[in-house]
Amino acid sequence: MELNVYLAGQIHDDWREELRAKSEKMGLPLHFLGPMENHERSDNIGEEILGEQPDNIFKDEAASSLNNLRTQILMQKADVVIALFGEKYKQWNTAMDAGAAAALGKPLIVIRPEELHHPVKEIANKSQLTVESMDQALQALSYIFETK
Amino acid sequence: MELNVYLAGQIHDDWREELRAKSEKMGLPLHFLGPMENHERSDNIGEEILGEQPDNIFKDEAASSLNNLRTQILMQKADVVIALFGEKYKQWNTAMDAGAAAALGKPLIVIRPEELHHPVKEIANKSQLTVESMDQALQALSYIFETK
Amino acid sequence: MELNVYLAGQIHDDWREELRAKSEKMGLPLHFLGPMENHERSDNIGEEILGEQPDNIFKDEAASSLNNLRTQILMQKADVVIALFGEKYKQWNTAMDAGAAAALGKPLIVIRPEELHHPVKEIANKSQLTVESMDQALQALSYIFETK
Amino acid sequence: MELNVYLAGQIHDDWREELRAKSEKMGLPLHFLGPMENHERSDNIGEEILGEQPDNIFKDEAASSLNNLRTQILMQKADVVIALFGEKYKQWNTAMDAGAAAALGKPLIVIRPEELHHPVKEIANKSQLTVESMDQALQALSYIFETK
Amino acid sequence: MELNVYLAGQIHDDWREELRAKSEKMGLPLHFLGPMENHERSDNIGEEILGEQPDNIFKDEAASSLNNLRTQILMQKADVVIALFGEKYKQWNTAMDAGAAAALGKPLIVIRPEELHHPVKEIANKSQLTVESMDQALQALSYIFETK
Amino acid sequence: MELNVYLAGQIHDDWREELRAKSEKMGLPLHFLGPMENHERSDNIGEEILGEQPDNIFKDEAASSLNNLRTQILMQKADVVIALFGEKYKQWNTAMDAGAAAALGKPLIVIRPEELHHPVKEIANKSQLTVESMDQALQALSYIFETK
Amino acid sequence: MELNVYLAGQIHDDWREELRAKSEKMGLPLHFLGPMENHERSDNIGEEILGEQPDNIFKDEAASSLNNLRTQILMQKADVVIALFGEKYKQWNTAMDAGAAAALGKPLIVIRPEELHHPVKEIANKSQLTVESMDQALQALSYIFETK
Amino acid sequence: MELNVYLAGQIHDDWREELRAKSEKMGLPLHFLGPMENHERSDNIGEEILGEQPDNIFKDEAASSLNNLRTQILMQKADVVIALFGEKYKQWNTAMDAGAAAALGKPLIVIRPEELHHPVKEIANKSQLTVESMDQALQALSYIFETK
């Protein structure tokens, strides 16, 4: 048995690469899905495919059409969703993806630093599990495959 | 025909009161639902009902159990969801509620100031309508009842 | 028992008014829902609420956000959907609404002139009933309330 | 990961062949599904299997039973639906399939020439992405598999 | 609280009238829904509304379009479905309606004479309750409203 | 707005009566639904309606057909489910109803004495709220109607 | 692409073997599922596994538990359901399975001799396709895989 | 064809190992899923991953987050659920899992000693099959693969 894991969260640093490396090191049978991790390209993908837009609002609308197409297709293939929150950035996409996952009955794991407990509290309560680190999230997924 | 409208968004000021007043003035057959609007009580409701908790994280977990119970019951009665975003606060609940509404097939209207177009772009794209003011949101709901 | 009937179809003439009058004359307990019937306003509603758009494509996108918001809210309240096809206009919205109704498990009645049988054949086959006139559609709905 | 793509649209020319060739050239892991592409056979399949029918209307009803059986089985296997609109033909099936896909939560990509923006506007708004060419649609699907 | 009860079964005699009378006598808050009870009209309703058909098979297809439209609309309003089986007639509609009710999660009560236990056994097993008489079915529905 | 509340739990004492009295005293707009509260009748309802059964196992099977019919019909009308656990009795029905409520997306409130925290822990985690007393459960429901 | 086909119908003769042989000869990528085809064993399976039952009604109830378990598991794996009706036997299971398939959105093909058009008319109307022979049903399934 | 079987029940002894051994001996194509079978670890998994908790209630809440995450992910992969009840332990999780399986439309097999027929009666009635031994449950699953 393998599990598809959708990784919701910001795309400003390479946390997914770190998580994938950790998972590989632990030998977990996980297949990771997620958004475009090249932030600049994610912002420009609308104009890249649809051509120049009238202004920045329409440029954003075009980019989000592509990014949401990607999320819609990949999240429906996910067995479990991890949503990572951090100190920086608005991260409203992360929260939207977390809300969608819970509403669709997809198991949701939230990773957030302890300091963020207050603003993330309703999302944490909606998740099946809230942890503080990627290591804990991977231990939780590892637990699913263990019998002893 | 009347419509139930769930009002997702921050609970730091009285924007819902303003919106309800505008709706009443326009004579719209709308029934508004939403979270506890007394912020302090929303934060303390866990300890108010469940008693003192070990620390602030558990206090938050307790409060969010009550707040999410309320949202779960009321959102399932909503015909349409309005999610308001502003410059202040993290507003992750708002984004989570917007994501849940879209995932459940509930029509979603996003209100956000033009300046926020970039961080809210994927939520805007997921909504059925994104506007900049409460007046526009109410005009949109009014349009549903008009025939001329 | 009353039934909500969504009336999908073109908005260039007053066929809905005619159908409502016939229904009233027959004394049927039907409540009709449908799109904005003022065609010009339907085309302009985007700019009316959201302000001037960069060009006609964006004007159309804005208008369709409002029109689809209306359809989404009202169709979920419908017990049965009538889709009327005629010789004139592209009527792609009508076909889209018919497809959505069938996919959602909403009973679908198609009204089309006999001459159109070929292009409308897959929609007719997807409908629960295909007729040639409004009178026949109303007789069908009347039949639901009759016991003798 | 491979994706199943249902190709809704007219069956008068060989646009699907062109699209499949482009996809293969791009090396995309896509598996295409769609209607019978031999138009004459699509029109006659009812009588081919069920025997001669009383008149053309019943011949059409018979053919559409087979064509809809095919669409129903194949669309439920699709991860994403492409609906192509052009200047010619009624294309009501295309619009019906687009409406069904959206109602079923299937991601929808609309391809239409810019000139058709007005009549296709509500379908475009219902889609997750609307483009003008097959190349753009394939770039969008390619984007889902890219990480840089 | 009132309950909508759909009465599936043959339409050759007036068993529904008998059941409604019994229910009224017991003072049960039940609202009964069901097929056209005038058998001749049920068989002819296709031609009555759609006009003369080429032969008896097409006449039947036309009639069943109307009868299924009625069943589809009314069964979705039912809180519980009663399916009555007897010694006479094929009663395949009754079995189809019972199968549909169970698949839709509608509570199903089967009434059948003891002698029919063998051919009706899988339907009985699929039902929530199988009884031998209308009185027992009404006692079961009465039980739902009782507290002592 | 009124809420339907299903009261899952043992039927050996009159806790529902106590809860209803408390709710009435608090003036809450709640409508309570639940199982037959007369324990002896609940055990005998199978034979009461279906006649004498071969042995106690079949008597139980008959009774549970009626009790589950009741639960199935009433739980689908519930906006929220309360499941009460206590020190006595097996209470497997309560746990089954709690599991069903959560799986159906019905908001679930668990009431259990603190001492039972260990055996009820997975159900508590599955609930939206776990409390120790009826008063707390009613305060939680009251909170949903409050705005200050 | 392969399709799973559930074969609903009587188990008194070897029609499934005939159909499987025809399919194999045509080289169709179909995988057939269905009920136990040994009629005697199907009737006795309850007592075979659960032991002797008090009387024939309970024997039937026991057997149908096993037969319905099998159908429930296998039908959820089916891409399409074929329901065969003939002159002999009550065939209520066949009709129940057909109703369940349609209610679950499973494509349904009905095979029935022309003479049975009247009693099977509502099931035929509910099906996506009704034919008179196994050959026609297999041609229809073959059509799904053809492109020319 | 292989089937995924979720094994709900207590984790105090090695009944799953016994069942898996029996299945293997019978050569059944079954793949078994279930909870952590090391009871001590199941109780401590919350603190193992999330760190020390304030008291035993919070320790239980933490453990159940992990155990329910596991169940949620694995049960959605199950084709059939077996729930085993015995004389010892509260087994409320077993009953919750059984209720969830039935509500989700997953086929449910209950194993319980005859003596427990009374307290387990509503769960037995909700199951598709209730047996007294693991051998009977495996014979039932074997029956699904047999054709003679």
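Per-chain numbering from 1; labels A, B, C, D, E, F, G and H assigned in written order.
One rule holds for everything that comes next: a contact is a pair of C-beta atoms (placed from the backbone, for glycine too) under 8 Å apart; a residue touches a chain by one contact, two chains touch by 3 or more.
Bear in mind the structure is a predicted one, so any value in this text is a computation, not a measurement.
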When every step has to jump to a touching chain, what is the lowest number of steps that links subunit B to subunit F? 1
Chain centres computed over CA atoms; the one at greatest distance from subunit C is chain H
Can we say the copies subunit F and subunit H touch using the same residue numbers, with more than half in common, or are the two sides different? same
Once you count every C-beta pair in contact for both, which comes out on top, G-H or A-B? A-B
Could you put a whole-Å number on the gap between the CA centroids of subunit A and subunit H? 31
With centres defined as the mean C-alpha position, give me the subunit B-subunit H separation in Å. 40
CA centroid of subunit D to CA centroid of subunit H, Å: 44
Could you tell me which residues belong to subunit E and also touch two or more other chains? 65, 68, 105
Can you name the residues of subunit H that touch subunit B in the complex? 54-55, 58
Quick one: in the complex, what on subunit A touches subunit D? 31, 33, 36-38, 41, 45, 48-50, 65-66, 68-70, 72-74, 76-77
With touch defined as at the start, can you tell me which subunit B residues reach subunit A in the complex? 56-57, 60-61, 63-65, 67-68, 71, 85, 89-104, 114, 117-126
What residues of subunit E sit close enough to touch subunit F in their complex? 1, 3, 79-80, 105, 107, 109, 128-131, 136, 139-140, 143-144, 146-148
